[in-house]
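This report refers to the structure that appears directly beneath it.
The letters A, B, C and D name the chains in turn, as written, and every chain counts its residues from 1.
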Amino acid sequence: MDEKQIIAKRIAMELQDGNLVNLGIGIPGLVPNYLEEGKKIVFQAENGVVGLGPLTDEDTYLVNASGMKATILPGGAYIDSLLSFSLIRGGHIDVTVLGALEVDAEGSLASWIIPGKKVPGMGGAMDLVMGARKVIIATTHTNKGKPKILSKCTLPLTAAHQVDLIVTEMAVISVEPDGLHLLEVHPDYSVDDVVNATEAKLIVEKVETMKGM
Amino acid sequence: MDEKQIIAKRIAMELQDGNLVNLGIGIPGLVPNYLEEGKKIVFQAENGVVGLGPLTDEDTYLVNASGMKATILPGGAYIDSLLSFSLIRGGHIDVTVLGALEVDAEGSLASWIIPGKKVPGMGGAMDLVMGARKVIIATTHTNKGKPKILSKCTLPLTAAHQVDLIVTEMAVISVEPDGLHLLEVHPDYSVDDVVNATEAKLIVEKVETMKGM
Amino acid sequence: MKAEISAKEFKNLLKDGLTIMVGGFLTNGTPEKLVDLVVESKVKDLVIICNDGGYENAGVGKLFTNNQVKKLIASHIGTNPVVGDLMQEGEIEVELLPQGSLAEKIRAGGAGLGGILTPTGLDTVVQNGKQIIEVQGKRYLLEEPLTADMALIGGAVVDKYGNLRYLQTTRNFNPIMALASDKVVVEPFETVDEIDPECVITPYPLVDYVYREEK
Amino acid sequence: MKAEISAKEFKNLLKDGLTIMVGGFLTNGTPEKLVDLVVESKVKDLVIICNDGGYENAGVGKLFTNNQVKKLIASHIGTNPVVGDLMQEGEIEVELLPQGSLAEKIRAGGAGLGGILTPTGLDTVVQNGKQIIEVQGKRYLLEEPLTADMALIGGAVVDKYGNLRYLQTTRNFNPIMALASDKVVVEPFETVDEIDPECVITPYPLVDYVYREEK
C-alpha cells in the first residue's frame, strides 16, 4: 500500500454502520475502497445527492462533487443545493473526510487557498468542516518533508477549532481541548519519527500500532 | 347581490390574467366566483399548493388554508410550508386579498387579534401582507355602523404601511403616500355616505361609479 | 429501512418536558396515531411546536384536552377553543408567530443557522424582545432557530429504505420538522417499495423510526 | 405554458451590466445554449452568480474567455484557469463564498429575507466586512441576500404549463435561482406533457420564458 492507501484504509475503519458521510476530493475519495464487507455507509455529495455510488462511464446527468460522472445507489435521493447544505450545516452528516494544506493543534484547518499562488475557492469545505459531527483530516504527514501539522496554521483558515481526527500515513492523532494526542503509529515508523515530522507538540501517552496495518 | 358579493365581484376585476393570487378566509374566498370568463388566475394556498381548485366532498389529503377539502387544477404543484412562504414573502405572489378588523390611512392593517377577547393568531396573514406585491383588503365598510377605516388602527397591527387597496360594499379606496383616495362609490351610495361611514380622512378628487355594478 | 417502532417502544421514548414538533396544518398531515400514543403515555409539561392548535379532539388538540402541554409555539389557535381557554387561565403559555416565520425558525434550526432576518412582524407585537438588524438600509426582525427533541411526522409515503414523500398538502411543516429534531418518528399513511430518487422529499438518513401498528 | 422565447428574443432581453444567476455545478445543470447566446450577444460588464467558474470552454467559463464579465460571485474557481488569471490581472472581481452560504444568500434573496446567520466562515477571511451577530451566546456571520436581473436555468424537464423538475444532480442551484431573479429563462433538457404535482420542484408561476430552439 502507498501512503494514500494507508490513510484511506485507516479512515474507513472510523466510519460506523449507518453513517451519513461526505468525502472531499483527493485521498478521501479512496475511502470507499476499504470499507469492511457489510458495513453500510451512505455517501452524500454536496452538489445534491444522498446515496452516491461508484463512478461510471455511462451517459448520465449525475455527477459527484468533483464533476465526475457517477451513480446513485438504491434508496438514494436527488436534492438541491439548499437542502444539501442544510444536511451539511445542520449537523446531519455524521462524518466528513477532507484533505488539508495545514492543520493545527487547535483543530483549525487551512485547505482552500495559498495566497498569491493558488486560489481555487473554498467550495463546500467551510460548511462541511463547520457542520459535520466529526471532521477527519486525511493528509500526508508532511509536504515533501515540510510538516503540515502545525502548532498554528499559517495559511488562511477554512475553519477554526473544528477538526476531530487527523489520519496520515504515519499516525492517527486526535484533537482534544489540551492539544494533539498521538493515538496510533504506523508499524513502519517510531514515535520519534512521528514527533520529528510534526511541528505541533504531540501529547504521547498510550500509543498503539495503527489499526488494520 | 349582498354586500359580500359586491366586494368579491369588484375585487375579481382587480386580478390580472396570469396573476398568482392568495386569498384569505371569509369574503376573499368568494372572489373566484366572479372571475371573467377566460381570465386565468393561479391561486396559491399557504398550506402548500399552487393551482388550488374548487372545494370538494371527495376523500382527499388536499385541504385549503381553512382546512377544507379542495382540489388541484391541471399544472398545479404541492409544496412545503417553507417554499410556500418563500413565494409569499419573496414577492412572488402578485395579489393577496385579506379581511380586516381595522385598516387605516397609513395602509396599516389590524386583522388578527382583539386583546382580551379573541386571540386566533396571525396564521399566514403577516407574511402575506408583508410579501405580496399588491395587498387588497376586502371588508364591510363598517362593523354594524362602527367605522373600520380609521385614521390610525387601534388594535394590534398585522403589518404597517402595506395595504394598497380597500374594497367595501360602498367604495373602492386606494392607499397613497398622501392618504386615502376615494376612487369609486357604489351606485346605492353617495360620496357623502362614504365619507360619513369612514373615520379616516378621504381625499375626494375624481370619483367614479363602482365598476361592474 | 430505518428501525421500525411499536406503540410500546415509541411510548418508551417519551418523557415529561420533551419539546416535540408535530407536523400538519389544521390536522392535515398530522400523525394522529402517534399523537394518540402520546395521550396514552400521559407524559406532561410538553412543549409543542405545531402550525396550529388543531381541533378540540383532533391533531395536537388532543394533548391540550388531556392537559399535557406546558407551552405551544404556533401561528394559529383559532380552531381550538380549549387552547384559548387554557391560555386565558394561565394554564399554558402560547407563543404566536407568523406562519412563515415559524417555518423559517424551524428550518433554521434544522439547517444549523443562527436565525434569519425577516420583515414580517416589524412594527407589530411580534417584534417584542427580538433583535432588529439593519441590512442595506432596511430593518428586519431576527428570528432565532427552533429545534426539538422529537418530531412526529405524518402524511408520509414511506419506502423500504425509509425515504419519505408526502400525500398532497400533508407535506406542509413535515419536511422541515424532520430536519430540526433529534429523533424523527414517522407514521406512514402509505408504504411503497421504492420512491423515485427525483421525488424523495425527506431522504432516509433523516428518519430514525417508522411506526408499525400491531395487528 | 409560459412564453416561449427564441434565440433572438432572448438576446433582446440582454444588456450590458446585468446581474445574471446561472444554474449548474461544474457545468452539470448549466444551460449551455443560453450561455452561448449570451456569448453571441457580446453584452459586457456582467455580474455572474454561479457556484463556480465552469471550465475554460464550458458553462459560465465561456463568458470569461469572451471577456464579458465584470464580477463573479462563486464558491470555487479552481477548474477554470482563465478566471484565476483575469482575477490576478485585476480584470475581473471575484467574490468567493462558502457554497452553503452562497446557496443561503440566493435563497434569502428569493424568499424576501434580509439575510441569514451562519457559523460558516467565522474566524476566516470570509467574515471580512460582514456583521457578526450573537444569538443564544454564539457568534454568527450575517450573510446578506443576493438577487439578480435574470436567472438562466438548466437541467430542466419542462411540462406544458412551464413547471420544472430537474434531471438527477442538475437540480443543484437551479431552483433557488429561479426564486431569486426578476426574469427566469429556462433551457429545457427534456419536455413532457405534465409533471406529477408531487414532483414539481419549480412551480410554473416562477418561470417567465422557456427557450425554444429554431429548427
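What we mean here is this: contacts are C-beta pairs under 8 Å (C-beta built on N, C-alpha and C of every residue); 3 or more make two chains touch, one makes a residue touch a chain.
Treat the numbers as computed from the prediction; the structure is a model and nothing was measured.
Q: Both chain B and chain D are touched by which chains?
A: Common contact partners of chain B and chain D, which must touch each of the two, are C.
Q: Count the C-beta contact pairs for A-C and for B-C, then tell me which is higher.
A: Higher C-beta contact count between the two pairs: B-C.
Q: From the C-alpha centres, identify the chain that is farthest from chain A.
A: B
Q: Find the geometric centre of each of chain A and chain C from their Cα atoms only, then give the gap between the two centres in Å, rounded to an integer.
A: Chain centroid spacing, chain A to chain C, equals 35 Å.
Q: So the centre of each chain is just the mean of its C-alpha atoms; given that, what is the distance between chain C and chain D in Å?
A: Distance between chain centres: 33 Å.
Q: Roughly how far is chain A from chain D, centre to centre by C-alpha average, rounded to an integer in Å?
A: Roughly 29 Å, centre to centre.
Q: Two or more other chains touching the same residue: where does that happen in chain B?
A: Within chain B, the residues that touch at least two other chains are 72, 78-79, 85, 89, 130-131.
Q: If you look at chain D, which of its residues touch at least two other chains?
A: Those would be 104, 107, 112-113, 118-119, 166, 168, 197-198.
Q: Throw together a list of every chain pair that touches.
A: Every pair of chains meeting the touch criterion: A-C, A-D, B-C, B-D, C-D.
Q: Touching chain B in the complex: which residues of chain C?
A: Chain C reaches chain B through residues 25-29, 51-52, 74-79, 84, 87, 94, 96-101, 103-104, 107, 118-126, 155, 166-176, 189, 201.
Q: Under the definition above, what is the set of chain B residues touching chain D in their complex?
A: By the definition above, chain B touches chain D via 20, 42, 44, 50-51, 72, 74-79, 85-87, 89-92, 130-131.
Q: Flag every residue of chain A that touches chain D in the complex, lowest number first.
A: 45-49, 60-63, 65-67, 72, 78-82, 84-85, 88-89, 118-127, 130-131, 156-160
Q: Considering the complex alone, what residue numbers of chain C touch chain D?
A: Those residues of chain C that touch chain D are 104, 108, 111-119, 131, 133, 135-136, 138, 140, 142, 144-145, 165-166, 168, 196-199.
Q: Under the touch definition given earlier, write down the residues of chain C that touch chain A in their complex.
A: Counting only chain C, the residues touching chain A are 107, 109-113, 159-163, 179-180, 194-195, 197-198, 200, 203-206.
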